[in-house]
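Pasting the structures in now, so scroll down.
Two complexes come next, and they have one chain in common, subunit A, joined by subunit B in the first and subunit C in the second.
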Partner chain A sequence: MKFLTTNFVKCAVKSCDASELSFPLKYEECELQLQEHDFNPEFLISMLPRLNWDAIVQVAADLGNTTLPSTKPEGIEDNEQMLKDLHSLLLETQIINGKMTCRHCGHIYYIKDSIANFLLPPHLANS
Partner chain B sequence: MSRPEQIAPPEIFYNDRESRKYTESTRVQHIQAQMTLRSLELLNLDPEKTHFILDVGCGSGLSGEILTEENQIWVGMDIAPSMLATALDREVEGDLFLSDMGCGVPFRAGTFDAAISISAIQWLCNADSTTSEPKVRLARFFNTLYAALKRGGKFVGQFYPANENQIIQITSAAKVAGFQCGVVVDDPESKKNKKHYLVLQAGHSDRPLNLGNMEVESTTPKKEKKMSKKMMKALETKKEYIHRKKELMKRRGKTVAQDSKFTGRRRKPRF
Partner chain C sequence: MPQWLSTANYGAQQNTNLPADLPKAVRLCQRPLIKQICFLPLHLLATFRQPSTLIAPPGEKFIIMKDYLVYMSQAHMGFRRAELESLAEMHGFSVDLSGLSEKSPFFVVQLENDEQAAQLIRRSVLSRAIYELWGQGATLADLHADVKQRSSALISKYKQSTFKFDIVSYQGSRKSREQQLALINSFAFLAFEGKIKMKNPDQIFAILEAYSIVNQEPAPQPDYMYFGREVEVSERSRGVLERHEIAKRPYYGTTTFDAELALVSCNLAQTRAGQLIYDPFVGTGSFALAAAHYGAFAYGTDIDFRALKGKGPSRRLATNFEKYGTSHLFGDVLCMDFTHNAFRKNLLFDSIVCDPPYGVREGLKVCGTNREERFEGKEKIIIDGEYAYLRRDFIQPKKNYSLDLLLDDLLQFAAERLPVNGRLCFWMPVANDQDIPTLVPQHEKLQLVYNLVQEFNKWSRRLLVYAKRDANYKGTTITSQERGLQNDFRNRYFHRFK
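Right after this comes the complex of A and B.
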């Protein structure tokens, strides 16, 4: 799973929909891998307004990277070095195995072989 | 034609054997590729840009490969583990999620530019267990999809409705969720090649869906049309009947004898 996706995925349980705690999920025991991907600055720029920077910082800290600035840097569009850094963080960093926990209901989702399992047990699926 | 929907739930029907069979069949590959390209044509995305796309029911990534070729970044979700395992073996580019669309699309608001779905949403109309209610699952799916698309986001989903009721069920659920909604039918005359595409738009977009001269509106089947057709049939002559049938078969792609001055002409009486 790409790091970019962690900035969007939230708890699938219906009763967590309204809760702000259901995003971002808490990442634990994650195994990371770098996978090369074509650098595409236009895509990154189009994604910028959609990114939740606080969530990026939080998830990066969960994964052991605490070097990110705490507020969204200004003028990323014109700064090629920054775009490249962001590219390698968002698109080339893959989570291969790991555990995601919802901060609201505490349900644990597992990532195995880079596939995230979002199937819910019956008691959560129909609530 | 057999319908896998009537045999078993998707996660059970698409076992290792079935998903390998499905993915390796060149005929399926060809049809899936065609439908994906047609869906992209309907979506009318800016070809210069890379978009973030959701593929609902991505299966083994046949549609995802086309998205990658078109230089899009995508996330796929599917309920069948074997299908996803096949996708993993084929090293597709997108992120894969093992997830049930009837339980919702687990993404926060405004995530995707667009979403596609190839041969998947008809599964929502099935009640595979005592606890799953198609109406609830459809509503949950379309509500969360509406939220996960950004404003002006579009969805095109090819599906195989079992009957007219399923089309109504699906479109009304989409409309309740807030979508502008319609169904495009390609090749309506051919039983084999007929394809239904559900086209949805979440709010106003600068690049609306590419529907030719059609409008995004609901498709309520007209009741009174049937009666007049019956009357037309009763009134037509034998020659007209033959011409109509030949025309229909031609449109369905069958080989039909050429029309001549003898077509539908009465033969002279013989012993």
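Right after this comes the complex of A and C.
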């Protein structure tokens, strides 16, 4: 699972929908891998409006990277170094194995073989 | 030539409308942008050496439309109009496709310029090419006459170009080399001065013929002929279907969706570069691959972990993206029950394209259990100090679900997650004897723009295309409850539609 995807997913339990704590999930025991892709600034710029900066910072910190500015920097579009850093973080950083926990309900999801599993057990799905 | 057609004369009466006694060939119509469109036959265009010198009434603009010839593929006939309309809309223009019919692969369309023509055809899967029309006729003599008349206005630009001739024959028998040369040489009157170049010429001129089949043989003479300058060839003509052939993919399965119709679906969804697209039932990923082919960034989810995991590290969905050189457009695949969706609520997808599982092979499943009593209290089981359901190796049980309910969920999701004018495209199977209109789900925020049919023997598969509209739009809602009828396709399938 790409780092980028951590910015898109929350807890799947319905009763967590209303809680701000259900996004982003808390990432622990993660095995990371760098998978190189060609740098494509236009693509990154097109993704910028979709990103939740606070969640990027929080997940990066979970994974041991505390170098990101805490507020979204102005003019990322024109800052090539920043774009390259984001490219490497969002698109090239893969979580191969790991654990994602909802900060609201405490449910745990796993990433295995790079694929995150959001399936729910019956007592959480049937409700 | 009528007086008013001379530039000077028209300039003098610029504050009046064009006279009422226009010849039939010239039509005027109003467009939302207060542009006036003037359909001029090409030979009349010669009058205006530079059409831009035409002086339009204040605040208005003349657009001179030109005739183009489209050469269609005769595959999936019912989907062709929708594909071209969607591509034109995606590029911000509308097009009158009334000339398109099932009888002929050729039709004439009016467009502003070559750029529009290229935009209409370039990524199309169900057409083959588009030509600037230089002439047409029922016989070669008629064609020659028409080309002589029209080409005077067109030829100067291409007089010195390197060129070659193509012969495109629909349903015709094979021509000998001599016959081909004779046909090409009959256009010698055009007197091109550029060099003939068979590889990468500046221009390709095509003679196009449509034949009927009589007693299972091509008729000796074509029914109709065209002559044109090639402007653009389609994705199909560039060989996309051969490249996307499922059997040549490193990873595919028994239910892998047809590559051609997956590409068509993405054209109807108007997926393009810079977009985020989502297939909630991604399986082996035909739609994700097709979306990435058109430059979109693709996400997929599926309830079946095995499909996502693939058949080993070098035979999974990511490998297919590598094969097509679109790895940078592969977002992720996640194991997810669509009805318990983990994408955050404010994440918008530009389009959603999918083939919902109707479960012929495995039955349609979501997370949960149909036998609650069996699982009652099981959430309290502890193994090695951990809740069993929170352990890494816990396997989430699944329960049966109905296609109708799933489609309601899909429309609701699309209504919440698509931007205005974003499209939802999905395939729905139906037994032919069912009252089909009553089975089509609707949502008040989504406008059903296409309901297209692919016929099989006793059932059909429908491609339903919806567009999310703005807050002022209020359509009808038809949920499974209101539909009343059950789409029990799976059951009917196993009973051979009796």
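One rule holds in what follows: the second predicted complex is superposed on the first by the 127 of 127 C-alpha atoms of A that agree within 3 Å, B and C clash if a C-alpha of one lies under 4 Å from a C-alpha of the other, contacts with A are read in each partner's own complex, and residues count from 1 in each chain.
Keep in mind that, in the parts below, contacts are C-beta pairs under 8 Å (C-beta built on N, C-alpha and C of every residue); 3 or more make two chains touch, one makes a residue touch a chain.
All values derive from a computational prediction rather than experimental measurement.
After superposition onto subunit A, the modelled positions of subunit B and subunit C overlap sterically. Once chain A of one complex is fitted onto chain A of the other, the partner contacts of A:C30 are absent, as it touches neither subunit B nor subunit C. In the superposition on chain A, A:V59 makes contact with neither subunit B nor subunit C. Of the two partner chains placed around the shared chain by superposition, neither subunit B nor subunit C is touched by A:L68. Within the superposed three-chain model, A:H107 lies in touch with subunit C and out of touch with subunit B [touch as defined at top].
In the superposition on chain A, no contact is made by A:L90 with either subunit B or subunit C. Touch criterion met: A:N117 reaches subunit B and subunit C at once. Shared interface residues of subunit A (contacting subunit B in one complex, subunit C in the other): 1-2, 4-5, 8-12, 14, 23, 40, 42-43, 46-47, 50, 52, 91, 113, 115-120, 122, 125-126.
Put simply, subunit C touches subunit A in their complex at residues 273-274, 276, 297, 299, 301, 303, 305, 308-309, 327-328, 331-337, 340-345, 347-348, 366-369, 372, 375, 378-379, 389-390, 392, 394, 396-397, 399. The touching residues of subunit A, counted against subunit B in their complex, run 1-2, 4-5, 8-12, 14, 23, 40, 42-43, 46-47, 50, 52, 91, 113-120, 122, 125-126. Chain contact summary for the complex, subunit A toward subunit C: residues 1-2, 4-5, 8-14, 17, 23, 37-38, 40, 42-43, 46-47, 50, 52, 91, 107-110, 112-113, 115-126.
Only residues 49-52, 71, 73, 75, 77, 79, 84, 88, 95-100, 103-104, 106-108, 110-111, 129, 131-132, 136, 140, 150 of subunit B touch subunit A when the two sit together in their complex.
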